[in-house]
Amino acid sequence: MAGAEEVQSKSGVKMRVWEILDVAKPGDTLSKAFDIFILSLIFLNVVAVILGSVKEIEDRFAPGFYWFEVFSVVVFSIEYLGRVWSCVSRKEYSNPVTGRLSFISKPLSVIDLLAVLPFYLSFVGADLRFIRALRLFRIFRIAKLGRYSASVRLLGRVIKNKKEELVITVMVMVLLVVLASSFMYMAENEAQPDKFPDIPTAMWWSIVTLTTVGYGDVFPVTMLGKFFAGLIAILGIGMFALPTGIIGASFVEEIHRHKSGNMVCPHCGKEIG
Amino acid sequence: MAGAEEVQSKSGVKMRVWEILDVAKPGDTLSKAFDIFILSLIFLNVVAVILGSVKEIEDRFAPGFYWFEVFSVVVFSIEYLGRVWSCVSRKEYSNPVTGRLSFISKPLSVIDLLAVLPFYLSFVGADLRFIRALRLFRIFRIAKLGRYSASVRLLGRVIKNKKEELVITVMVMVLLVVLASSFMYMAENEAQPDKFPDIPTAMWWSIVTLTTVGYGDVFPVTMLGKFFAGLIAILGIGMFALPTGIIGASFVEEIHRHKSGNMVCPHCGKEIG
Amino acid sequence: MAGAEEVQSKSGVKMRVWEILDVAKPGDTLSKAFDIFILSLIFLNVVAVILGSVKEIEDRFAPGFYWFEVFSVVVFSIEYLGRVWSCVSRKEYSNPVTGRLSFISKPLSVIDLLAVLPFYLSFVGADLRFIRALRLFRIFRIAKLGRYSASVRLLGRVIKNKKEELVITVMVMVLLVVLASSFMYMAENEAQPDKFPDIPTAMWWSIVTLTTVGYGDVFPVTMLGKFFAGLIAILGIGMFALPTGIIGASFVEEIHRHKSGNMVCPHCGKEIG
Amino acid sequence: MAGAEEVQSKSGVKMRVWEILDVAKPGDTLSKAFDIFILSLIFLNVVAVILGSVKEIEDRFAPGFYWFEVFSVVVFSIEYLGRVWSCVSRKEYSNPVTGRLSFISKPLSVIDLLAVLPFYLSFVGADLRFIRALRLFRIFRIAKLGRYSASVRLLGRVIKNKKEELVITVMVMVLLVVLASSFMYMAENEAQPDKFPDIPTAMWWSIVTLTTVGYGDVFPVTMLGKFFAGLIAILGIGMFALPTGIIGASFVEEIHRHKSGNMVCPHCGKEIG
């Protein structure tokens, strides 16, 4: 009986741990406080990665950056292990083995793991360059925000809603880039063999032009090239601006729905999902 | 009794002064004339700041600019003091002390104060650079237009209506800039240590690219950098164009509402949706 | 009686001349033929101005260009005089003097006059530069298309419909340019005195940036300048893209109305203008 | 009788061949497999053209590219001949001569022919440059995708729906480019005779500016030129962005129609406008 109680209390602890680690329910101050702590830590980590890239700052505060990193990894590791340990208190992950495995393979859990893994790997890897790259991967800790941010979730929903449209426009964009690059390669290869040596390199020109960024590092110099470029710009820019229009419309729609509640059927007066 | 009458007449004067200083009610020609006078003075001040920055013009008409500045500050100071003195004639600021303080702390009053303060401060400050900066702050007298301009008020309403959407897009934009800068720093730091020395500097590239301005002072030269840049441009530009779409939609909506109320069928006189 | 008949026949001739010169009514083949002739002549004139600017072509075909110009001016002059002579056959210009004057002062008539005037003036003017400028003014013969082009008329209607919105955005754009230029002058004047010598010159940077053209001839180099520029770009580009959105929406609307006939009131079923 | 049977069986074969070559109907696995085979071949051809333009890759895998090309041409030729042979099994092309001619002159058939013709022509042509150009024309095999791609068909429908609007905007765009180029030629010809030697060359500047690409290879340097350029940019960019808005709106509309038919209220089952 004592064992059963113990099990129950242990499962009660797990449930509480889960609640604290998860996004806070209204009124749960402890969980709320923990959320704010983790959010601040993520924010400070991003700031640390940004500032740590500045040589003078890194040189001056190297130990500070190091111990802050150790502290962050410890906290994020405990958070991750805590989640894996306590997830079985949720019905969907109740099985200690398969439930946990299915929890671990969730995108948000993978992000949590990736947020700490580079630190541990840096002790394994021997190559300095590799370690340096790993350090920069810390910027992806920003992805942990996904759990808390309503904006990111909204954006995800918006993109999902218009998946079909976006896939079509992306396909058209790829076609356009391929055709534009081939044309410009044809027209400019002889005049500027260093700028348009082959079609893959010409794609850089295509993307810079079709997005209207236009750095000016590559541009046509022949009459034919300028003619093609003008035509491509006029016809193609519209295609590249389409995703913006589509996402924008869906965005406004989605927030509108969120704000104003649901539509009402004019025939029977009931709400429609 | 004479005292009471005096008080009353004094309060009548205050009310009239307030009316004249405030945006004119239809039919109040004196107040209208004063509005036009102040508007012209603001406009001329902006012109003076712009032209005064041209060395040849400044050198030639220095005394003219100086006396126009003195005249403007005197007028704006009198206007400001007049408003503070007469505001007690309004119910909401009726208390001579607390009412006045609450009036002084209104945004438009602060702007009125900031429009004249630099002039007086320039006598205090000893540093020449400081005085020069103060002189340029005169350009903010343009903000005094806010009181008169329906366009600025409309724009303010438009931005307020879509606050939620704008906050979300700004957050996504910040995330994007941080991620794009980190990626490009990773890819280009070795090849162009002067252009991408650290992440904060790389942010300049991110903003110039994501807004599609593309000056061409910074651009990737490595294969990896170009690949990242292309991807970032294609995916990110849409996010940076979102606010435009959102504000544009709200703008058209707001003016529509302003203009038409609801439409009325000219045949039966009933309102239509 | 013969006089009256003569008058009548003369007025009949005028009416016919007017019909021929004016845009053709359906079925009037002579007038239609004349329209096509004039349209072709305008088109060829534009082509002639464009090609005539190319030195080699001008040198080789100078006499051809000259006689084509003489021919065009003769035709356009006859057309203009014919319109002025025959306009009295229209009720609104029936008075030979005041009617004609009011016809002459119509925008389209002014354009017709400006299309030929430079040629005659070139005999008067002594200055070679002046004559050269006059020659280029022939490009404005393109404006004569306005009489025939439904697209230009549609565009005019579209802009008129959204006048209020466009005026507001233009005012906001002017404010933005003034503020952006003042800020950048403040930030960059010392570091780049040749690029940002005064506020009017800095306006070139503002416009090139806010329209996202970004040639790269002027850009900030100081930290403060880059910070301001980034902020201005992010906040301002939206304002500069607004007119596009507004005109675009009105455009689609206007064509929709044109295509689909009129709206029907849901209460009484009658059409609404 | 045996002859009639033979004819019938031959016509049955033709019908089956047609079905296999054409886009597969649901459930027809053989036809589906053939579609996937052709699609993959088109895709690989595009990849081959792109990679084949890179000198190192071409040099190393020249024989591979050559035999892949031969294989592709054989397959596409058989496909083309098979279509021409079997098209008579369709009612609309039932006549062996006129039916086949009308089939051959369909756009998609012309594309199929153009996809293989360059290969055969390369044996005829003697000029090496001509052969090189022909090789690049292989990129147009991408157009064969048109038969299979729903995205391309959708895009075609979208453009067709808004033909009227697009024709109008293209006309306005041409007018704008002509006027902008003439103005800039006037303003900048003297200061930069190499950049603005004539109006046709100035058109390159106009297009690069009005599309907001802004490479920075050509830009005004005179005061007047900058003033014109600023005005042209502010007024013209809107016109150049119109097609995007128009196509975008039509795009969203068309997909919406495709997806939802009319909405149905889930409570009462009636359609909602």
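For reference, chains read A, B, C and D in written order, and residue numbers begin at 1 within each chain.
Note that a residue touches a chain if its C-beta (ideal position, glycine included) is under 8 Å from a C-beta of that chain, and two chains touch if they have at least 3 such contacts.
Predicted, not measured: the structure shown is a model, and the values here were computed from it.
Student: Select, from B-D and A-D, the pair of chains that is joined by more C-beta pairs in contact.
Tutor: Taking the two pairs in turn, the one with more contacts turns out to be A-D.
Student: Would you mind working out whether subunit A and subunit B touch using mostly the same residue numbers, over half shared, or mostly different ones?
Tutor: Both copies touch with mostly different residues.
Student: Go ahead and note the Å separation of the Cα centroids belonging to subunit A and subunit B.
Tutor: For subunit A versus subunit B, the centre distance works out to 34 Å.
Student: Centre to centre, by mean C-alpha position, how many angstrom separate subunit B and subunit D?
Tutor: Here the centre of subunit D sits 48 Å away from the centre of subunit B.
Student: Hey, how far is the Cα centre of subunit A from the one of subunit D, in Å?
Tutor: Distance between chain centres: 34 Å.
Student: Listing for subunit B: what residues touch at least two other chains?
Tutor: Residues 212-216, 241, 245, 249 of subunit B touch two or more partner chains.
Student: What does subunit C use to touch subunit A in their complex?
Tutor: Residue positions touching the partner: 212-216.
Student: Where on subunit D does subunit A make contact in their complex?
Tutor: On the subunit D side, the touching residues are 46, 49-51, 53-55, 133, 136, 139, 142, 145, 149-152, 154-155, 173, 203-204, 207-208, 211-217, 240-241, 243-245, 247-249, 251-252, 255, 259, 263, 265-268, 270, 272-273.
Student: Contact residues on subunit A for subunit D in the complex?
Tutor: The touching residues are 164-165, 167-169, 171-172, 175, 178-179, 181-182, 185-186, 197-200, 209, 212-216, 219, 226, 229-230, 233-234, 237-239, 241-242, 245-246, 249, 265-268, 270, 272-273.
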